[in-house]
Amino acid sequence: MSVVFSVFMLTLLVITTFAIVRTRHLFVAVVLTGIFSLLIAAIFFLLDAADVALTEAAIGAGIATVLFLGALALTGEHERGGSRNRLLSLAVVAVIASILIYATFDNPRFGDPQAPVHQHVSPWYLDGTREYIDIPNVVTAVLGSFRGYDTLGEVFVVFTAGIGVLFLFSAQPRRRRSSSQPATGPIEGEGLRHYLIPRVVGRMLIPFILLFGLYVQFHGEYGPGGGFQAGAIFAAAVILYALLEGETRALRALPASVLTGLMAGGALLYSAVGVAGMLLGSHFLDYSVLAADPVVGQQIGIVLIEAGVGITVAGVLISVFHAFAARESV
Amino acid sequence: MYYVVTIATVLTMALALVRALLGPSIYDRLLAVNMFGTKTVLLLSLIAFLYGRPDFLDLALAYALINFIGVLAVLEFIRQRTARNLARGENEGL
Amino acid sequence: MTIDMLIDIGSWVLLSLGGFFVFVGGVGVLRMPNLYTRMHAASVTDTMGAILIIVGIMLQAGASLATVKLAAILLFLLLTSPTASNALASAALLAGLRPSESTAADTERHQ
Amino acid sequence: MELLGLYHYWVFAILLMTGFYAVIAKYNLIKKLLGLSIFQSAVFLLYITMGKIEGGTAPILQAYGEGQLFSNPLPQVLILTAIVVGISTMALGLGVVVRIKEEYGTIEEHEIREIDRQ
Amino acid sequence: MIEFNHHLPALQVVVPLLSAPLVMLLRPAGLAWAATTAASVCAFAIAVALTLGVLAGHEYSYQMGNWPAPYGIELGVDAFTALVLLVVTGASTLALLAGRTSVDAEIEQPRQPLFYTAWLLALAGLVGMPVSADAFNIFVFMEISSLASYILISGGADRRALPAVFKYLVMGTIGATCYLIGIGLIYLMTGTLNLADMELRIHEVADKRPTLVAAGFITVGLALKAAVFPLHVWLPNAYTYAPNAVTVFLAACATKVALYLLLRFDFFVFQPNLDGHAVQFAYFLMPLAVLAILVGSGVALFERNLKRLLAYSSVAQIGYILLGASLVSLAGLGAGILHIFNHALAKGALFLAVACLASRCAGVRFEDIAGVAQRMPWTMGAFVLAGLSLIGVPGTAGFISKWYLISAALGEGVIGGLLVAVIVVSSLMAVVYIWRVVETAYFGMDSAAAAGPGESAAGVESATGVESATGVESAAEFESAAKVESAAKVESPAKVESNENTNSSGAIKSIGKVDGAAGAAVPGEAPAMLLAVTWAAALANLYFGLQSYLPVALSSSAAESLLRYVP
């Protein structure tokens, strides 16, 4: 039955995708991307990937939409040009798609427990998590410990993106230098403060969102959640605050220097845990040596690195949001 | 019974999607998106019970939250644009 | 007739009513003539449908952590969804979309 | 049933190529980025689909008997990473697009090429 | 005392990676530069230690988190890895040592800590890829290095850097995603991500369609990253408009790492197990390699921007490396790998010389550097030396790899003869394009000395108009004719326009500096540090041309290990 549901939603997904590519109104395209993310997240959920669904919803539907909107506000929302070599592109695309579809007929049957994917490493992770780490969420165990080095790399990818946006936006726009007339009046900075109802409801919700973020952060060993999702939710709370109260107030509550510190701090915390493993006589990122009992050591390690992940992700996402929101349009 | 309700929800999602694609104004699309989001929340709650994994209700909660922020972000975007257009004394419409 | 059966029956009634409301709202959003009437239809599914369905599930779940979470979800939906509708309506008004006008001319302009 | 399962992979192929089409055929840089993000999302679908196991449940071990099957956790971990990589790329790409708009006054590729040719 | 030797593969990555967030917090910019250079030197030292270990017969393997191999992530260093590590860390260190002044000229002080952070991240990503023995982990580090490279290139003073970065970003992301699809499909068929494990298990599913599609996706994805011929379109602009120091760094090693991955994946995982894959590989890549060599050199012949010229020459040199590999023989593969090292030496030295020129000229177009050799004899001396190495003159490093390449091709019969012809023709083309630069620099009229940069900018405008259709010889004539003409009329609007084109205040500052200097006295030789490093790199070309033991030993041992499946 769940296959039928997911097939139906996949069809909706395809329709949405075509609409995104076809529409000339970029704003509509971005709004549809929000639907795209919600849909694909629901499909992930149907396919048993709860952690991924949570991440996709928080990052894809939430943060990505906000970032795209921020960029649209600076670049304009109508697509002027048409398409280049439309027929040729369509032909290329169609050929590759048919090759791909042709290749799928040799794929192992969908959901087959005998498929190679489910045979080799996967059972070891399920058993190994019970034996060596002893937390219920296998995804967190693999993410944090068995493949902790990937996650370290991932934190640094996020960190790099944060550095990149800060670096790009530290350049003065050329047009601004030439014309001194400011394009933005006082209306811009104050957010939705004149909308009474959203403001009241939103302010009321922010503490609960932060609480929920903490729950997702520290419940990640037991249920879906963890540093990435929590970081995104924290960022969402701050973004909500900025939307309601305006950029300036949000920056006063959480200044840029603090955000920079968070970006670097989380990444450093993660690396420090890794180096600790090395200094205590084992390998890089081996948490077993952090406590007398290796299992406890693993759990401590995972909590620490998840905290590092959460801090960096939140710091980067908020910084990037501010970078876009505070940029004056030309 | 869960199935019937779940199917009703999924169908409603499809209807909302149609409205989002048809428009015609951007507000219609937003309305559809908002509705789509709340229906997703309901769907997730239902599926969590359908599969007997009530611990996944966290997800539904997160969705509700994200959906709200998304809609507010879009509104803020529209507000800024309207304000900018007013300040420039032009009215491009939406 | 035990208490369990009563709860079951109650929850099924609630769930099916909720499903009905949700679907009707969906049809309304698709078929209603202009933005504000559509918004009305959407609000029906967002509040009534959500209340019925989630309370229906809560009855099934019984006294557990799940019920608390469901209550939180319900509260959240009840707070955010009318707020979003309100903000949407006021934004539409601000942009000059009048409730009284007929749709055709209006929608053309606001595409 | 077989075909319904394969349908997941077909949707992967269709999404992948739709995104790719937007990247190669559209002039607007934001549209290209949207296409790129669809392109990446398709890959997420591929991985998650292969991790699904029939009759299984999400790999969170709570109070289940010995016979319970769990879906494969590894693709999920990989995709968590890939999603974050995706949003990082998007953020950087959007930053570049905003800077291009500031320097060139347009975000249409052919217009930028025209300006550079002058 | 903890025994650090077996941690070396991990430290190779961790040192630059960990320094990155620290550098971001450092102020002022000079301190950030010093810390970055220290970390890079450290990484270079580790690479040297690893190389020495490998030469002594040691095989490094490291389990991240102490989890056994197919379950956890494994790092491994062999001869091939060591060679690439040496190139990457060496290029970064040289570029940093030399690049202080040129970065100062191009990037504002407050932005520099972020710039250096991105530099370290790029370095960490580039060393993280070769040491990793896990397919997905390679993807993660590929993304770190790519994102960081986009940032570095976007620091370019010319606004055209931005569209170049965007193109690179889109193509790079497509490449990385294709790679991701490929390893996803392989994972689907084999259930593993570890390269060695994959090699063992792929045999059973070698004839299945998803495996073949996966091989295609991985090859195309990595070829995009490596700028293999038809997929190279992102490279010329990205290298041309990047800050000079960044061009030195990335041109020497970024595409090399992708090539390393391409060879490693193909020879290690696919060829031993997929029937006929070696033949497909050869027939697919050899034409592309030949085209890359001819087209890259051909475009370089007519290019009038020095950086672009060298970038197109890079496209050709990537062709050489692939040509060697596509012979699928011990000699050919060894020659290709050797060329990775030697080309990095030559191209690094050339771009360093370009950085020297850029520090004292208004630009690096031919019009800007005309007659510059009188003012900057040392810089041009280094340029000529490195250029000889690029051409492959005996006694330089470039000669060694071309010699090996030609002798490998001769072992291939009729096709080999054709390939030798291609190599010779392309070397002649290299002679021509290097000579054009030398001719302009030594015998052109020094516009800066004669009239100041304003007129030279006007020369740019008038000279480019007639450039396109003419041949090499006549182009040179036209050029001087146009210059005489433009020297006569003092045209200010053209100068304004060239200022418009170079947007960021850094560039304007540097032009202004040159302007002012031209008013008082003609600017002389490049900054001492920059020049010293340039000469060190140029002399390294000589050294490794005469003492080629190290790269040859590494590359032949790498070729042996890649081709060990051939009985």
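Order as written gives the chain letters A, B, C, D and E; numbering starts at 1 within each chain.
Assume a residue touches a chain if its C-beta (ideal position, glycine included) is under 8 Å from a C-beta of that chain, and two chains touch if they have at least 3 such contacts.
Every value quoted in this text rests on a predicted model; they were computed, and no experiment measured them.
Novice: Give the chains in contact with both chain B and chain E, ordered by label.
Specialist: Of all the chains present, those in contact with both chain B and chain E are A, D.
Novice: Which chains are in contact with both chain B and chain C?
Specialist: Touching chain B and chain C alike, sorted by label: A.
Novice: Shortest hop count from chain C to chain D along touching chains?
Specialist: 2
Novice: Across the interfaces B-D and D-E, which one involves more C-beta pairs in contact?
Specialist: D-E
Novice: Taking each chain's centre as the mean of its CA atoms, which one is most distant from chain C?
Specialist: E
Novice: Just curious, how far off is chain B from chain A if you go by their C-alpha centres, in Å?
Specialist: Roughly 19 Å separates the two chain centres.
Novice: In whole angstrom, what separates the CA-based centres of chain A and chain C?
Specialist: 28
Novice: Please compute the C-alpha centroid of chain A, do the same for chain D, then give the distance between them in whole Å.
Specialist: 12
Novice: Measuring from the mean C-alpha position of chain A to the mean C-alpha position of chain E, what distance in angstrom results?
Specialist: Chain centres of chain A and chain E, defined by C-alpha means, are spaced 32 Å apart.
Novice: Taking each residue of chain E in turn, which ones touch at least two of the other chains?
Specialist: 136, 140, 143, 147, 150-151, 154, 159, 185, 187-188, 193, 503
Novice: Would you pick out the residues of chain D that each touch at least 2 other chains?
Specialist: Touching at least two other chains: 16, 20, 50, 57-58, 60, 62, 74-75, 78, 81, 85, 88-89, 92, 96-97, 99, 103, 109.
Novice: Identify all positions of chain C at which a residue touches two or more other chains, and write them in rising order.
Specialist: 76, 80, 83-84, 87, 111 - these are the residues of chain C that touch more than one other chain.
Novice: Let me make sure I understand the interfaces: which chain pairs count as touching?
Specialist: A-B, A-C, A-D, A-E, B-C, B-D, D-E
Novice: Please give the residue numbers of chain E that touch chain D in the complex, ascending.
Specialist: Residue positions touching the partner: 136, 140, 143, 147, 150-151, 154, 159-160, 162-163, 165-166, 169-170, 173-174, 177, 180-181, 184-185, 187-188, 193, 503.
Novice: What residues on chain C touch chain A, complex-wise?
Specialist: 76, 79-80, 83-84, 86-87, 90, 111
Novice: Enumerate the contact residues on chain D facing chain A in the complex.
Specialist: 1-2, 4-22, 24-28, 30-31, 34-35, 37-38, 41, 44-45, 48-62, 69-81, 83-85, 87-92, 94-99, 101-103, 105, 107-111
Novice: Which residues, counting only chain A, touch chain E once they are in their complex?
Specialist: Residues of chain A touching chain E: 99-100, 102-108, 115-122, 124-125, 128, 145-150, 152-154, 156-157, 159-161, 163-164, 166-168, 170-172, 174, 177, 260-261, 263-265, 267-268, 271, 274-275, 277-279, 281-288.
Novice: Which residues, counting only chain A, touch chain B once they are in their complex?
Specialist: Result: residues 1-2, 5, 8-9, 12, 15-16, 19, 25, 27-28, 31-32, 34-35, 38, 41-42, 45-46, 50, 53-54, 57-58, 61-62, 65-66, 69, 72-73, 183-185, 187-188, 191-192, 195, 198, 202, 205, 209, 212, 215-216, 219, 223-225, 229, 233, 236, 239-240, 243-244, 329 of chain A touch chain B.
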